[in-house]
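I'd like to ask you about the structure that follows.
Going in written order, the chains are labelled A, B, C and D, and every chain counts its residues from 1.
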Amino acid sequence: MARLAENKYGKSRVRVMRVLHGHNGHELHEWTVQVLLHGDFEPCFTEGNNSKILPTDTMKNTVYSLARNSSAECIEDFAKEMIDFLLSRNSQVSGVEVNIAEAAWDHLKVHGASHPTTFVQTGGENQTTQVQKSRGGEFTVISGLDNLIILKTAGSAFEGYIKDSLTTLRETNDRLFGTALRANWTYDTPKLDFAGLRGRTREAMLAAFAGHQSKSVQHTLYEMAEQALAAVSEIREIELVMPNKHCLLVDLSKFGQDNPNEIFVPTDEPHGQIEARICRE
Amino acid sequence: MARLAENKYGKSRVRVMRVLHGHNGHELHEWTVQVLLHGDFEPCFTEGNNSKILPTDTMKNTVYSLARNSSAECIEDFAKEMIDFLLSRNSQVSGVEVNIAEAAWDHLKVHGASHPTTFVQTGGENQTTQVQKSRGGEFTVISGLDNLIILKTAGSAFEGYIKDSLTTLRETNDRLFGTALRANWTYDTPKLDFAGLRGRTREAMLAAFAGHQSKSVQHTLYEMAEQALAAVSEIREIELVMPNKHCLLVDLSKFGQDNPNEIFVPTDEPHGQIEARICRE
Amino acid sequence: MARLAENKYGKSRVRVMRVLHGHNGHELHEWTVQVLLHGDFEPCFTEGNNSKILPTDTMKNTVYSLARNSSAECIEDFAKEMIDFLLSRNSQVSGVEVNIAEAAWDHLKVHGASHPTTFVQTGGENQTTQVQKSRGGEFTVISGLDNLIILKTAGSAFEGYIKDSLTTLRETNDRLFGTALRANWTYDTPKLDFAGLRGRTREAMLAAFAGHQSKSVQHTLYEMAEQALAAVSEIREIELVMPNKHCLLVDLSKFGQDNPNEIFVPTDEPHGQIEARICRE
Amino acid sequence: MARLAENKYGKSRVRVMRVLHGHNGHELHEWTVQVLLHGDFEPCFTEGNNSKILPTDTMKNTVYSLARNSSAECIEDFAKEMIDFLLSRNSQVSGVEVNIAEAAWDHLKVHGASHPTTFVQTGGENQTTQVQKSRGGEFTVISGLDNLIILKTAGSAFEGYIKDSLTTLRETNDRLFGTALRANWTYDTPKLDFAGLRGRTREAMLAAFAGHQSKSVQHTLYEMAEQALAAVSEIREIELVMPNKHCLLVDLSKFGQDNPNEIFVPTDEPHGQIEARICRE
């Protein structure tokens, strides 16, 4: 009566920290890895037959063991290594997906200079990747970032929208515009200087955010996507998710005070949610 | 050069609490609503033309206003009302998606009796729904639950899996098996006693979890899905997501002690991740 | 120039799950333990001399090892065992403090009956204890609970307060009153039926919360404390912390609708904060 | 029978964002404020008499209203204003405590230059203050920071500690040492250049952390405190809380690999907890 239509399994939140010992100091990478396998696992579900099951504990060990030998310098290349390794050793696996998030660690500045072996975590922003490959197929490489919290205090309006019987929002040509950006961009080919392209993509989006005369979140989102596509020709398409983290102008007139866009209440909920995928024509 | 391939927007985390005043006491519903619109919004993205944009602030007001008049007694029916209301008033909208999560509030027991106007929150489990409709189409109703934390201390094994050079896990015929269940089931038709069916679906899954001689998470997941489909004929398919929240048996032999499955360390990370969709044959 | 004025150290978030195998099923306890030592540790701070330092890793092992042999059936008694064990083996330690939080696990009901070896987590409420002892002194035992989320939809007013130029709140004789209760009560003596007394204390507070005609959070907090002291003569004093988790009545008049205390927006921030300690006369 | 021994009340998590419009751009401050009042509130608790109760909603309004007019450029000075304002208008209040946390917002760098009206949140570190004053007394000003996440990959050992039957930790002269620093320092006098002193205190602690040959967390904590006291003579005492966020060296020998301090598993729990208060001799 029942049929297994789809399944995948793996290990999530495998944290690994890699310290590279260079001549002039250390480098530090903190990654959180998720590995998911697709394949012929039906007997496990329907009969409890585990003979084709690679334990998720072994996937965790794989992360540690590969990290030791890997020469990958970015999360995209490490994900590709993971996938090839797992496909080569597990014929029952038809496809592998690896997601990695990299935490933001920088060398600590001490008296103006980077300390070679001391690090500080700079923010909640994560650099991310999702890499997939089916047996016999090509890699699909998506790079991204998550939780990049940015805010414009000028150059943001919201006017000319629909008014109806449930409208209470006032039009404004000068508001705060804050978001926690999530972006994911897909590359055309799987062999690239991912770290370099990541930096240029991120910079293009941020420059667009800063410079834009925004008429809405949508308007700025599109500009950011367009600038990323313009800056990095290797990107095929880009998806942006931009919650509108509202900063509410406080009505101080009750207290006999004006409020020329100075005092706001930042809020987490409810929030606007704007999502779009932009591709090359 | 760039083209808007896909987009949606709306309001997230709209919280509303509805108190129903009955003859014998109150009822309390706490819902967190997300509304997302699809439609012809391209000029907003590309030109900053907001003339077809219903502000997300108005969607928030819509939740409050409809909740006041609604006779919906469950989240599925309220989501349907939201969708029809938004489609009827916004011709530029081609489709609407509403997600609702309901918190777990029960009447407080005082000296063994339910107090009519006092409530206690019983756990982090949420009842959820996702309802969608395109203009001119039918409702798709998915009901679900999230974060139902359950654990078996007997009847769970994991043996017979692949061993390779990276295996360190030991086989066991007696382990703890804990998860935070997320389930989503899709109904065949959009007019149903959703609350009643929800109760039966949940109960069928839990009875299966408790009674199963588990050979793996996959094995039990499938049994739970199968029992849900068997119990509720209106369900077309069901998707279960079951993280394996490992409880590690502590090695006490170093201290001269045995540990016959008594002392464990529960862990949040890393965790196994098992996902499957099961449909009717 | 600098002097160590105060110090303590130890291990936090030591999680342990204990499964007791009875004739008619299992019992499950999930505890999160913190151990803190006071003593003569100055050379460690000032000279890096670790000769009197019991590693926090060893404290973690102590939790596991003691849990295996312990006959303690409640967190208070286990905390006392931990303290006596650590004091007896570490002459450099002058005092020990142990904090334990117990998660809420119940036997799962299947077809109306408790399943003997399947459990469900029922809510975010934790049962807590803080036990302290200085060498040669007596135990101080504080029992408590945390994050008990309760709400009254009737019997709550807030009127007659100070109005000044910054007042915008309206008086009401009928509001929602919700809180996430934290309570800590101190016992007179250290040898008691802590589990039984805990149950009676909790019940007395909840019955008071439900039955009270509340004129403010303070008013109800005091009533709850008074009822706890009345119900359990072994309690010397009790401290309650009651955030006022505001539910804001939505103004629907803008939409031509009334709102007779039916539709509210629950909020997490900002929140009122009411704290008091009540002792016996 | 019961007696109110202690009480305080107020408002928590009052969020306010202040935008200062300068000639060359904006400045942005995001503060989360807590206000707590002490005073003669007993009739409210025991009789439900609210005549001396300033509503917490009014305290929230006070934050907004004062923020508009305030010339305070740092959280310490704003807290002092809040306290004086509340004491001057509320004779029933005997003392006020204000806690403020400031989020980390920096001007966004675009093509190497600070953008005047665009900001990025740089990390989860908060700058904090706790200011208190009793009627007729002096201000006590404590400044601090919270959640400053730092890590040393060299210069950290842990050896020579107590070994007993429960020891499993191995001695090491080269380990990772990571923490999420919380620090609170108390000033001698209440009129100071708090922002400038904060910067110097923070820098002294960080330089000490980076440069220290650490023999334990305690050893480095003390060095950091000592350096802060040495750098800023206005500090009377300083309290540091340093969880030891363990990074566990992975044993790769099972897989035929060495691991010369390269591959670690960072963990959140359990963690060491080291707390000390250091004052001037």
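Throughout what follows, contacts are C-beta pairs under 8 Å (C-beta built on N, C-alpha and C of every residue); 3 or more make two chains touch, one makes a residue touch a chain.
Computed from a prediction, not measured in an experiment: that's the story for all the values here.
Between the chain pairs A-D and C-D, more C-beta pairs are in contact across C-D. Taking each chain's centre as the mean of its C-alpha atoms, chain A lies 29 Å from chain D. Chain C and chain D have Cα centroids lying 24 Å from one another.
With touch defined as above, residues shared between interfaces to two or more other chains in chain A number as follows: 15, 61, 65, 166, 168, 255, 268-269.
Chain contacts in this assembly form a complete graph, since each chain touches every other chain. Put simply, chain D touches chain A in their complex at residues 15-21, 26, 28, 30, 61, 64-65, 67-69, 104-105, 108, 110-111, 115-124, 148-155, 176, 203, 206-207, 209-211, 247, 250, 252, 255, 257, 259-267. Within the complex formed with chain B, the residues of chain D that make contact are 165-166, 168, 254-256, 268-269.
Across the complex, chain A meets chain B through its residues 1-15, 34, 36, 41, 44-58, 60-62, 65, 89-90, 158-162, 164, 166-169, 214-219, 221-222, 225-226, 229-230, 237, 243-244, 268-281.
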